[in-house]
Amino acid sequence: EDPYVIYLSNNFVGNDWRQQMLRVAEVTANKEPFAGRVDLRIENVEGTVQAQINSLNNIIRSKPNAILVDAASAEALNPTIQKACDAGIVVISFDQTISAPCAYAVESDWNRIPNVMAEWMADQLGGKGKVIIDSGLAGVPISANIEKGYRGVLSNYPDIEVVGTYNGDYALGPEQAGVGSLLAAHPQIDGILTQGYGSGAIKALQDAGRPVVPVTGFSYNVSALTCLETEGAKCILASNPAYLSSEAIRLAVQILDSGERPEERHILVNGPFLATGGFTSKLHPEADVVELENGKNAFPDLAPGLTLPVSPDWMEITPAESAGTN
Amino acid sequence: MRSLLEGRSQILLAYASAIILLIATSFVSPGFLSESNLRLTVILAAFIGIVSIGQTFVVIGAGIDLSIPWVLNCAAVTMAMLAGGQDGNLAWVVPLVLFGGMAVGIFNGIGVAIAGVPPIIMTLATNVILQGVILVFTGGRPTPPTPEFITYLAVGRIGPVPVLGLIWLVLAVVATFVLSRTVFGRQLYAVGDNAEVARYSGVPTVRTTIATYVISGFTAALAGILLTGYSGQAYLGMGDAYLFTSVAAVAIGGASILGGTGTYVGTVAGALILTILNGLLPALNLSSGALQVVYGLVILVTVAASGETVQRLGQVLFRKRSRPQGGE
Amino acid sequence: MSIQTNDLSMQTARAPSRRIRAVMRNHMSLLFAAAMLLVILMVYASLGRGVLTIEELNIDSAAALTLVLAATAQTIVMMRGGIDLSIGGIISLGTSVFATQVGDSAISVMVWSAIVLAGGALIGALNGWIMTTFRLQPFLVTLAMWSILSGVAMMVLPTDGGKVPGWWISFANEKLYGIVMPVWLIAALLLFWVWFAATRTGTTIKAVGSSAKAAYLSGVSEMRVNMVCYGLSGLFAAMAALYLTTQIGAGSPNIGSDYILASVAASVIGGVSLFGGRGHLLGTVIGAFILTIIGNLIFVLRISSYWQPVASGAILLCAVLVTSIIEKKTRASSS
Amino acid sequence: MVFLDVNGLSKRFGGIVALDNASFSGAEGEVHALLGENGAGKSTFIQILSGALRPDSGTISLGGAAFTAATPDMAASAGIAAVFQELSVIPDLTVEQNIWFRREPRKFGGMVDRREMRRRSEALLTAYNFPPLDLDADLRSLNLAEQQITEIAKGLSKNTRVIILDEATSALPATEAQWLLKTSRKIAEEGRLVIFISHRMSEVRFVADRLTIFRNGETVGTHRIDAVSDDDIVTQMIGRRLASLYPHRTPSETGRIALRVDRMHSRQGLKDVSFALSEGEVLGVGGLQGHGQRELFQSIFGASSAEGGVELWGRPANIGSPRDALTGKDGIALVPEDRKGQGLLLDKSVAQNLTLSILPLLSRSGLVDRTREASAVDQMIEKLSIKVGSRAQTVGTLSGGNQQKVVIGKMLLTGAKVLLLYDPTRGVDVGTKAEIFRLMRELAAQGYAILFYSSDLSELVNVADRVIVMRNGETVDTIATPDLTEEAILSAAVLDTRGH
């Protein structure tokens, strides 16, 4: 029978993560078990909610089997998404998910991630010290969520004080600048909880001639490499895997095949944590924390902007494929 | 006399407010005046300052360049990819990339000066197109790390002085000199003030306008290259921050965005003010919302102070009848 | 005497042709914009969508209306030779306040709509007051105001959220004679403009944009003009915010920024001069539709994802490029 | 009896004294001329009377009551309206919208009542028997004369007891000027006061009952027109005797053709223009205004496109833009009609304006040599006795006539050998006029070739060696001395002398 028509509506193309996500989606659609069964059509729009609404309306009018959405807003697309659902289209949001009840939400566990990383930080500091927190991108739900998680856990440690926040905007430049100005403001900073690369924070420390302190961040290749190569660096890196798109495709096909829909609309994807040295979380004992290792989960010969891990366990996507270098 | 003095005093006041801001910041943030942080401030200001060189020229010529973000980004990415992390390649890569930036400038310039497309549309479209082009060109592939030498230029130092600071200084001197002393600079003010009069006076209006966009393309590309040195890698979206910042720096520096006036010395003050402000805000330990409020208020107060004072000066000294700022 | 008569005959002979030229000159950009839209629609239609249907009109109008309203705000200010970046803040704050405060009852919706509109107008007027009192560039004042308002919006509503009544959301699909509300609103907007342009205020704004010095010589008050212009701009931005809530069913503290450059672009494409004095809202509306429909065009062209940004930019550029060139030629020969 | 009485009026602009304790008194029913050299303070005086400027000190009484006006509106309602020298018309509004700007008749909903407005406009135009004026035309699309007439209509529409005409005739062609003079008389006979400013003695003679003379912002004296001779007036104006307005005309053409125009025609209305301008010659261009003179000057200069041959010193010249005209070997320079739109950067300094066209000449390897620039500027300010506070004064703040001098200076500095002078003496005082004419002849004698248009026929007749007459975009006749007279030009302009 003819393949499922699945649209991927993506609201932003301007960073490495999104590019890898898109590439992975294409790779996935052309690999077993999906090869020939999925006609994946990617619709990118330039950043704005309005553009994505218009694009979604176009998609809905062409009556596809499913729509995968990396959303410009958790709320603002709901009326449009509702239309899609009413038209009997399977809607799966991922990465930046949406709150419409009729749509599934494939995402990393945004409660677990900050909890584990904050716990790790507290552990590193021996429950005592001054830290700064990255508030991510102003107005973005995930950012707020992560910061909330960080603060929540740290509040259990009376001797750990959050002395400042900055907006890292999930980009190197702003992270480096933001940490830089906080370093200037505070003679003593013992830990940095970023939402971005972490490597930017380490660079900032070095530029300011400060000792390298424990840093949390996300598992970009550059972060992993920096942690490994920097003298005395201590890091934990959470993963928000770029293969969320493959997970979304998988879910869509599963629903279309079986015709029945899972009860739980939230599907959590739990990537491993990477850390310098081992760590086991008390809050989330199930979380697996893998030790950083050159060549195994950090690739000097691959691009710094690559997000790790590159492949879900149910399918083999090579680093080269996800980096688009083959 | 008036125009001269007005220009001067406005710039002086811009610098005054920059210094006041600096002092204010050092209260909130004790380490702000530390050597390392001042160095950081200079470096960050330099990036704004360098992209704003082109923006200054374009704005004086009664245009605006909104293609800066992705010219910068394309330059950064292509440099990183072509150089492949090897200093050895820079000898041909850097000139090539800079030339690419200028080529985009020519494209913008021709669209504006010869085809007569409104600058805002022309450069906005170019910006979008470039974003797409770079994705097509790189296949969205993340780029290899930055060559050492670029990193040195961006964050290295000679004694206590940041290399980038020196680069900026040189560029600033050149830009100021070109604007104030060369035939091109003088003609540019005429074109921006009244293109028809300029044309009747034999000014090569078309060539002059195109030149401004070429300069802008050049400085944006240069900033892109250097910025990869600062952040250690080229990443997509690294230019977006410079869209409004560059125009704001120019405007705070006392140029009218309707053209015909402005100096680069003023723009430098603008760049410094914006950078110091960005350094101050995180230290205030406020919510993102509150930060934006403060940001807006500070800008308003800073420029209001200078604007108002200048006007008073003007009135006292010259009994100048009230004329609109943006009107004509 | 013979000289007079000869001169008379010569002048009157020239008059009508000149009237045509004057009209041409004033509305040329608008005409070209219309032509541009037509061409895009033709291409679009040729790609198998029944374009010139009521259905399409309804959908596109609903999609374009927010931009149309934002661009209306921008057009009024640009006619005066200014620019208003603060509409970004007003839209964000408007949606945030509305979505957090409004209840389900019609009364509540009316009250809070009124409050948002009034607020927008006041903030706009404040812009005008500041830039006149302190002799500041509109660009800087409104840039600062944009930042301030976005900040306040974020305090009101840290991330997208809040809710608006279901019936309010479905407003955009309410039909009257088979035509949805947005279409009627746009019609109303154009009627408003016809009226507004014919009032003294309308003429005065145009005049100040055309030659501020001459206008002031004729006794125009700069303060009044600025407060009215930017006040109206704020009002229409607030309208945009309210309509936007019907599209997104929520509030968003940073959504307004999306409409700043777009509103300027729509106006400029529609033939409004950034230097003031020239423009017509019809052109702006056309501009907004062009920007909206280009997206649809990309979709039906089935352009591969990488090329989509290139294509959208290129289409816009080609369209404007062609018309600009023709227009320049026409101007050259008609002046 | 005195109706408008002004005493001890003073106004300074920073260092510059515009008015210094000036006085003036006018009676109803008279046309009262106000004379003075460029920069004497006339326009400042007018602007104060009409509420556009506030005086530093001094008293104004109107009809016995003290008069103060903060805005032109208030002045108008108090009984004084002015036709400004620096036109206050708005480019993007139509003639009609300009005339009634902010006084438009309105109907329901505050909309302008177009029908009523049209009625009033036509009433106004017929009442004063205005030259035909297209009420729907955009001001932008009108030439200077038509804009000036709109400004006049605007002034008269206010229907005030006192009407001020500040060099309102300067931009008008002979016929329209005639009309305005007659109209002024008519208004005076209605028992109103007309204050009339002009640098043309003949006009003053024709229209004025009395005249008041300003010098350096002070009132020198008031006379009945028939009680003073032109010489006395001029002497009081410029503080010295003026031998004669027009220089002695010694033929200086060498016969070498400097500029040959061959069958030039253009979309802008040139049908078929041919003539040869020889080295050392001053060639006048006559005819009624609006018959292609402006287009001719602009086309030769490359500012607007035209077909047809142009030769410079026997070599075919290909001039695509003003730049080509100016930069070509011993190029062509133009004094354009529209001082504001084409001639000057109003908010830049006198120095910047004067040297704008010659920056390349003043520069070594792209760098402007400031000392050379300064000396060039000073020399020109000196030569044309431009009244400025300093080199750096903003041109927009110069008096009308001095602005015109800057335009001329700018052209002279280019060193171009072929000069196109389009109404160069507009708004220039007699003293300077004489100076300019002397200069023209002197340049001619040095081998320059000069093409000269003036809205004042007597200037053509007295300065040019030959005059080509244009009609409907064609050259219909060439008149040379000795039979070069105003009548000859007029008749040639009106009835086709080639007789078919």
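For clarity, chains are labelled A, B, C and D in written order, and residue numbers in each chain start from 1.
Criterion: a contact is a pair of C-beta atoms (placed from the backbone, for glycine too) under 8 Å apart; a residue touches a chain by one contact, two chains touch by 3 or more.
Owing to the predicted nature of the structure, the values given are computational and were not obtained by experimental measurement.
Traced through touching neighbours, the fewest hops from chain A to chain D number 2.
Distance from the centre of chain C peaks at D, each centre being the average of the chain's Cα atoms. The chain pair with the larger count of C-beta pairs in contact, out of C-D and B-C, is B-C.
Our note on geometry: chain C versus chain D, Cα centroid distance of 41 Å, whole angstroms.
Centre-to-centre separation of chain B and chain C, using mean CA positions: 29 Å. Rounded to a whole number, the gap between the C-alpha centres of chain A and chain C is 37 angstrom. Distance between chain centres (mean CA atoms), chain B to chain D: 44 Å.
Those residues of chain C in touch with two or more other chains are numbered 154, 158, 209, 211, 213, 253, 308-309, 312.
Residue positions of chain D with contacts to 2 or more other chains are absent. Of all residues in chain B, those that touch two or more other chains are 128, 131, 135, 139-140, 288-289, 291-292. Taken chain by chain, the contacts fit none of the simple shapes, being neither an open path, a ring, a star, nor a full set of pairwise contacts. Applying the touch criterion to all chain pairs gives A-B, A-C, B-C, B-D, C-D.
Chain C contributes residues 59, 63, 66-67, 154, 158-162, 169, 246-255, 258-259, 262, 292, 295-296, 299-300, 302, 304-305, 308-309, 312 to its touches with chain A in the complex. On the side of chain B, the complex with chain D involves touching residues 1-4, 181-184, 186-187, 189-190, 193-194, 196-204, 260, 317-319, 321.
Against chain C, the residues of chain D that register as touching in their complex are 51-52, 71-74, 84, 87-94, 97, 101-102, 104, 106, 109-112, 131-132, 134, 136-138, 140-141, 174-175, 267, 288, 290-291, 305, 472, 490, 494-495. Remark: chain C residues 80-83, 130-131, 133-141, 143-155, 158, 208-209, 211-213, 216, 222, 253, 261, 264-265, 268-269, 274-276, 306-314, 316-317, 320-321, 324-325, 327-328 touch chain B in the complex.
Chain D contributes residues 12-14, 53, 301, 303, 321-323, 325-327, 334, 336, 341-345, 347-349, 352, 356-357, 359-360, 363, 366-368, 389-390, 392-394, 397, 410, 414 to its touches with chain B in the complex.
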